[in-house]
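Common to both upcoming complexes is chain A, partnered first by chain B, then by chain C.
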Partner chain A sequence: MATPIIESPRSGRVAPGYSRSTPSRSNFEMIAWLFMRISGAILVVLIFVHLYVNLVAGDGISGIDFGFVAGKWASPFWQIWDLTMLWLAMLHGTNGIRVIINDYADKNSTRMWLKGVLYTSTVVIVVLGTLVIFTFDPCPVIDGVAHVADYCPTP
Partner chain B sequence: MPKTLTPAGTLYRGREGQWSWVAHRITGVVIFFFLLVHVLDTSLVRVSPEAYDAVIASYKNPIMGLGELGLVAAIVFHAFNGIRLILVDFWKQGPKYHRQMLWGVVGLWALVMIAFSIRHLTHVFGG
Partner chain C sequence: MEKEPASKVELAPGVGGGGEIPTFDITLKVRRYNPEVSDEAHWDEWQLTMYGTDRVLDALHKVKWEHDGSVSFRRSCAHGVCGSDAMRINGRNRLACKTLLKDLDTSKPILVEPIKGLPVEKDLIVDMEPFFQSYREIMPFLISKGHEPAKERLQSAEERDRYDDTTKCILCAACTSSCPVFWTDGQYFGPAAIVNAHRFIFDSRDDAGDMRLEILNDKEGVWRCRTTFNCSEACPRGIQVTKAISEVKQAILTRKI
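What follows is the complex of A and B.
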């Protein structure tokens, strides 16, 4: 009886039944793995400060309203802070969900659909959030009515 | 590929390593879905000050307050366990001390959450 030959897992000669798609020589997965660690380390700082400033300092969550947001985004510092947080958190989260979809959805079409929905949501949220940060108006005039706040010019 | 290969209800090795991995996944998914909603509701500042204040006012009740506490608990665990993961991957002694580091993560998480709960619940239940 012939001894079956079992190839080394990294030989690239894995039995077809165990490979989902054609093997790729790109190092995308390594870059994604590295990105999770780098963005994760940065996000710890960004989010902990975000939570401290919004939920702990001052009046905590009771102090959050339109004026609070206006006060923060009056400064380019918080605009850039929030923009960086938005992009890094969305990419970090999207890659995390991508890995989970790859792990649990074993039909090619299911994976494709779930990732399609995921990537669409990501693009919508990142574009929307970015536009909101940069087009924010602390004293908007809506239907001819100016917003009244102590930091707004009186008409 | 035959369908019979699907592993159902298997336990890899259990213990700290697997359970922290499960917790990291669950907290990650929770945080991601919160983030989608968080960007959408914050975007209301671009609709009108009243629209934003209305949705924020609808969050100011004990149920949402406890939800916020749970969310912060998830974020703090994910953050500390993420740092542990980075140490396991990049620090030479990381894999050797992964278990001890998990208890460090749990301890730090408990400390931060006790402090935060006092502060946050005071606001939520009107201190």
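What follows is the complex of A and C.
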């Protein structure tokens, strides 16, 4: 007579939703984690200097107008400063939101959609911002007419 | 030769003993779930007269032995070592056998729930298999290259001290089931698996630290930790869990860079 086989109560069955998919052989999460720390530290300096120069130094908050921004972007120093700030802040923020979506979105489809919206808006803002910083022209000539502000060189 | 002390000491009447132990009344509310009866969980409550020396586990025993034998929970040693009776007591993960009733607010009902994030099987019993699966994956055993020494593997007191904190783990799952990341993402390895990996990664006698770091350098590994410190607060053995996780993060970083 065959002995009935009783399955071990600890047969190692893991409830669905708990079993990990194949291990990811990439350092992406590590690099993202490191980037958050480094960019965070740099952004503290970039943002507080930015705030001080714009809001406190010189005429302070009353000095801010189109001409003020135009004057800043005439110097390559502030162009690079603002570019670095734009890229770091956008990537830092995007990664932060990506992590929050991973933490809170339950369904795969929700997660995919939210991340799609996030990445699209990031790309649009970064590209548009970079374009503006480098192609900004404070004294444009449109249809042969120079829109001359008082700080523009008279032709 | 020195005489062995007597195995039994007769005390004079009235000597020893701490006098009468104070009693008080409590309301114990237990989260009940029985899939054979209903898919919905509900609360049951009992009024109990307990002693000042009683723990939550004693209250559960009183209920099970004197009021309702169907109340189900795990417990083995009942002295805070086996790690069987981790449960959510008044919203915090504790061991029922280490939580004295007098330390809780006995003017309000004492709420006892199963630990969160793992599938409930019945009442306070959860399916621990996902938890142990993560534990197994980090290879919680000594792996050493080279020849087996004829005597013991030597280690200095400093080397032993390096991972002393994480040797205290009793695998009760209080940390993992207190982690908000684990609540929403059951695939996360969880604090307990990382703590037990830490125990071998920083052991000077072990040679497979790199393999364990590679396993935990996963999208469900240490980078999932948000340092909320829930695990450190929940640990009944007082292990600095968040610190251990950070040390593993550091070890992965220094290995890669």
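We adopt the following convention: the second predicted complex is superposed on the first by the 129 of 155 C-alpha atoms of A that agree within 3 Å, B and C clash if a C-alpha of one lies under 4 Å from a C-alpha of the other, contacts with A are read in each partner's own complex, and residues count from 1 in each chain.
One rule holds in what follows: a residue touches a chain if its C-beta (ideal position, glycine included) is under 8 Å from a C-beta of that chain, and two chains touch if they have at least 3 such contacts.
Just so you know, these numbers come straight off a predicted model, no measurement behind them.
Of the two partner chains placed around the shared chain by superposition, neither chain B nor chain C is touched by A:Lys107.
Between chain B and chain C, it is B that contacts the larger number of residues in chain A.
Legend: residue contacts after superposition of the two complexes on their common chain; A:Met30 is shown touching chain C, with no touch to chain B.
Shared interface residues of chain A, touching chain B in one complex and chain C in the other, are 17, 106.
Residues of chain B touching chain A in their complex: 1-2, 5-6, 25, 28-29, 31-32, 35-36, 39-40, 42-43, 45-46, 48-49, 52-53, 56, 60, 65, 68, 72, 75, 79, 82-83, 85-86, 89-90, 116, 119-120, 122-124. Within the complex formed with chain C, the chain A residues making contact are 10, 12-15, 17-21, 23-24, 27-30, 32-34, 102-104, 106. By the touch criterion stated above, chain A contacts chain B in their complex at residues 17, 37, 40-41, 43-44, 47-48, 51, 55-56, 59-62, 64-66, 69-70, 86, 89-90, 93-94, 96-97, 100, 106, 121, 125, 128-129, 131-132, 135-137, 140, 142, 147, 149. Residues 119, 127, 129-130, 133, 137, 180-181, 184-187, 215, 217-221, 223-224, 226, 249, 252-253, 256 of chain C are the ones touching chain A in the complex.
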